[in-house]
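For reference, the structure is listed below as structure tokens.
In order of appearance the chains are A, B, C, D, E and F, and numbering begins at 1 in each one.
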Amino acid sequence: MIFSIVVQAPPVQTQGAETALRFARAVLAAGHSIHRIFFYRDGVHNGSALTCTPQDEFNIPQQWQELAQQHKLDLVVCIAAAVRRGVINEQEAVRYKQDQWNLRDSFELSGLGQLVEACIQSDRVVTFGARS
Amino acid sequence: MIFSIVVQAPPVQTQGAETALRFARAVLAAGHSIHRIFFYRDGVHNGSALTCTPQDEFNIPQQWQELAQQHKLDLVVCIAAAVRRGVINEQEAVRYKQDQWNLRDSFELSGLGQLVEACIQSDRVVTFGARS
Amino acid sequence: MVLHTLNQAPANAACMASALNTITSEDTLLLIEDGVYWTLPAFASQLANLTGRLVALEADLKARDLKADAVESVDDAGFVALCVSHDKVVSWF
Amino acid sequence: MVLHTLNQAPANAACMASALNTITSEDTLLLIEDGVYWTLPAFASQLANLTGRLVALEADLKARDLKADAVESVDDAGFVALCVSHDKVVSWF
Amino acid sequence: MSTEGILVMTRSAPYGSSAARDALDVALTCSVFEQPVTLLFLDDGVFQLLKGQSPSVIGQKNLNAVQQSLPLYDIKRLCVSTSSLEQRGLRQDELILPVELVDDAALPALLAQHRHVLSI
Amino acid sequence: MSTEGILVMTRSAPYGSSAARDALDVALTCSVFEQPVTLLFLDDGVFQLLKGQSPSVIGQKNLNAVQQSLPLYDIKRLCVSTSSLEQRGLRQDELILPVELVDDAALPALLAQHRHVLSI
């Protein structure tokens, strides 16, 4: 079966991103495929390359990256939500005249159309959210 | 009277940071002083230099910066909360072996002790939060 | 003399209930952000236990087009004045 | 056949109430994250209207040391299996 | 019963959080991609549809303007929970657009009619 | 009545959000700076104190360990709302530490006793 996952929860402060990560691993372990993982609202912070986690804690963005590399996952961060929140890649840094950028490798910025396309292509779409 | 302000709300997604900003302006306009503005939890994202806001919308981190420059405000971002969430300055970038950084000018990373010290020094401490 | 601020819309009834438990007749409850929806007549019964003064932040009422004739409103300067006239501020969110 | 997930602790009674309004006897309610606190006996009466199946995520029960003997639990693989055996997933948060 | 399209469910008051606007953005994008889309307003989400909003005083854009454009985008179904309206003492004529009122008893069928449900 | 020190008020369940841990961090820091501090657990916040937690399965550190260190940091007042406990069917002996039970009627006095109240 084809799954897509929507992550609206940030990597820190609420549990949603960690639950989504465990769920994604379980989907793959069960032999299903993941068409896309779409990060929306505060979930875009999961795409930060700059999260520095104490050694005895999990770095959720890094774990997304590792999972994506292992399984060739499509990790898409909503571009409109991301640039407002200060999550940008080199191309957006140029566009907005910023000296620095922070999108993690394996993540890609794209539009909400990628969420809609994921809905069209997937048998199941599962959302992990945080209230607010 | 001496005020300190605690911002736990992020700059986007919930209204708390905007309310805090208006409140800070009103405190200064009334002739009071602001000892410190302390950013904690998801509020640390107010210190991002990379927020790129559409022209017809407000860039809250930029407005904090302008207010701080005009009034010599002490904007302190909780360092433990910030590094976990990917908000780092050049010094932390070196420590954590990151190529990039994103703390906005006028903001400073420091410990929770600065929150406690703000409580000791201030007649009023006003918190602006978001549920979660 | 405590100034309580509350920014949660009415679906978060637990937040209001806990705030009301701590508010005395000398205190003030200032509704801010989505908290101003509590000024609607439909919620009057839930606020009936409030013994303190009830105030709503003007900008938030206006943004949402809430008239709240029965409720006192303050602008941002009034918010600051309330902070000064009370001993401390407690935030409910 | 809808799988509903709910991640809110009991103070967010509005979230549970709205979820219960949409759950049919063919549906399943999966409690995740802080939602697993709803398995405590004190909340049984609020769940009495639930006509569908009630399940809780094992890792979240264990993290919080909730025994929930009366409630079926599933591990992450079971969560995926529930997604497959229902037509769609609705998230309450 | 056919199950097609996307149901976007939103339960938050406007302006205190960006959920209202984020849900609208998803609905508009569905329409651009020619996916049938229904918006469901539940709980405090019904406040999003009140007329006369002027959020520029709190530095935000007016949702009413976007909401009025929904019919132009061929987004025809705006479903509002009757009980959520009643609990808040709101009447249908206070809303910015004509809506389809949905009783609690009709909610499961509404969910059943759509292929996917996105909560925002 | 003397008004000194800081009251840290926390109303969220543990692990679903980091509020529990963030509140503890503030309380511990108060202690390090020799500021009298009281922790108040209200609403779902009372769940933070339940014994036997093992959150490593969800990738989080155990709060119980930090909570047990509170007396070592000279944090003496851990106040728990009686009504919040009762609403959740919890007993005092299920909590990880001895606590001071506070009736609803005593809450205003608790707030009054502290110079500042920090909600987390």
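Heads up, the rule we're going with is that a contact is a pair of C-beta atoms (placed from the backbone, for glycine too) under 8 Å apart; a residue touches a chain by one contact, two chains touch by 3 or more.
Because the structure is predicted, anything quoted here is derived from the model rather than measured.
Colleague: Which chain maximises the distance between its CA centroid and that of chain E?
Modeller: It is F whose centre lies farthest from that of chain E.
Colleague: Computing the C-alpha centre of each chain, which chain sits at the greatest distance from chain C?
Modeller: Between chain C and the rest, the longest centre separation is with A.
Colleague: Which interface, named by its two chains, has the most contact pairs?
Modeller: Comparing chain pairs, contacts are most numerous for A-B.
Colleague: From the C-alpha centre of chain B to that of chain E, how far is it in Å?
Modeller: Chain B and chain E have C-alpha centres separated by 33 Å.
Colleague: Report the inter-chain centroid distance for chain A and chain E in whole angstrom, where each centroid is the mean of the CA atoms.
Modeller: Spacing between the chain centres: roughly 26 Å.
Colleague: Between chain D and chain F, what's the gap in Å when you average each chain's C-alpha atoms?
Modeller: Whole-Å distance between the two chain centres: 27.
Colleague: Distance between chain A and chain C based on Cα centroids, please, to the nearest Å.
Modeller: 37
Colleague: Hey, what residues on chain E touch two or more of the other chains?
Modeller: Residues 11-12, 15-18, 43, 58, 60, 115-116, 119.
Colleague: Counting only residues that touch at least 2 other chains, which ones in chain C make the list?
Modeller: 7-8, 11-12, 14-15, 33-34, 59, 88-89, 91, 93
Colleague: Which positions in chain B touch two or more other chains at once?
Modeller: Correct list: 12-15, 19, 22, 41, 57, 81, 125, 127, 129-132.
Colleague: Which two-chain combinations qualify as touching?
Modeller: Final set of chain pairs in contact is A-B, A-D, A-E, A-F, B-C, B-E, B-F, C-D, C-E, C-F, D-E, D-F.
Colleague: Can you name the residues of chain D that touch chain A in the complex?
Modeller: It is residues 5, 7-8, 12, 15, 32-34, 57, 59, 75-77, 79-81, 83-84, 88-89, 91, 93 of chain D that touch chain A.
Colleague: Across the complex, what residues on chain B touch chain A?
Modeller: Chain B reaches chain A through residues 10-14, 41-42, 45, 48-54, 57, 61, 81, 83-88, 92-93, 95-96, 98, 100-102, 130-132.
Colleague: Tell me, which parts of chain F touch chain B in their complex?
Modeller: 6, 12, 17-19, 22, 25-26, 29-30, 32-33, 35, 115-116, 118-120
Colleague: In the complex of these two chains, what residues of chain A are touching chain E?
Modeller: Where chain A meets chain E, its residues are 6, 8, 40-41, 80-81, 111-113, 115-117, 119-120, 122, 125, 127, 129, 132.
Colleague: Please give the residue numbers of chain B that touch chain C in the complex, ascending.
Modeller: Residues 1, 3, 15-16, 19, 22-23, 25-27, 29-30, 32, 124-131 of chain B touch chain C in their complex.
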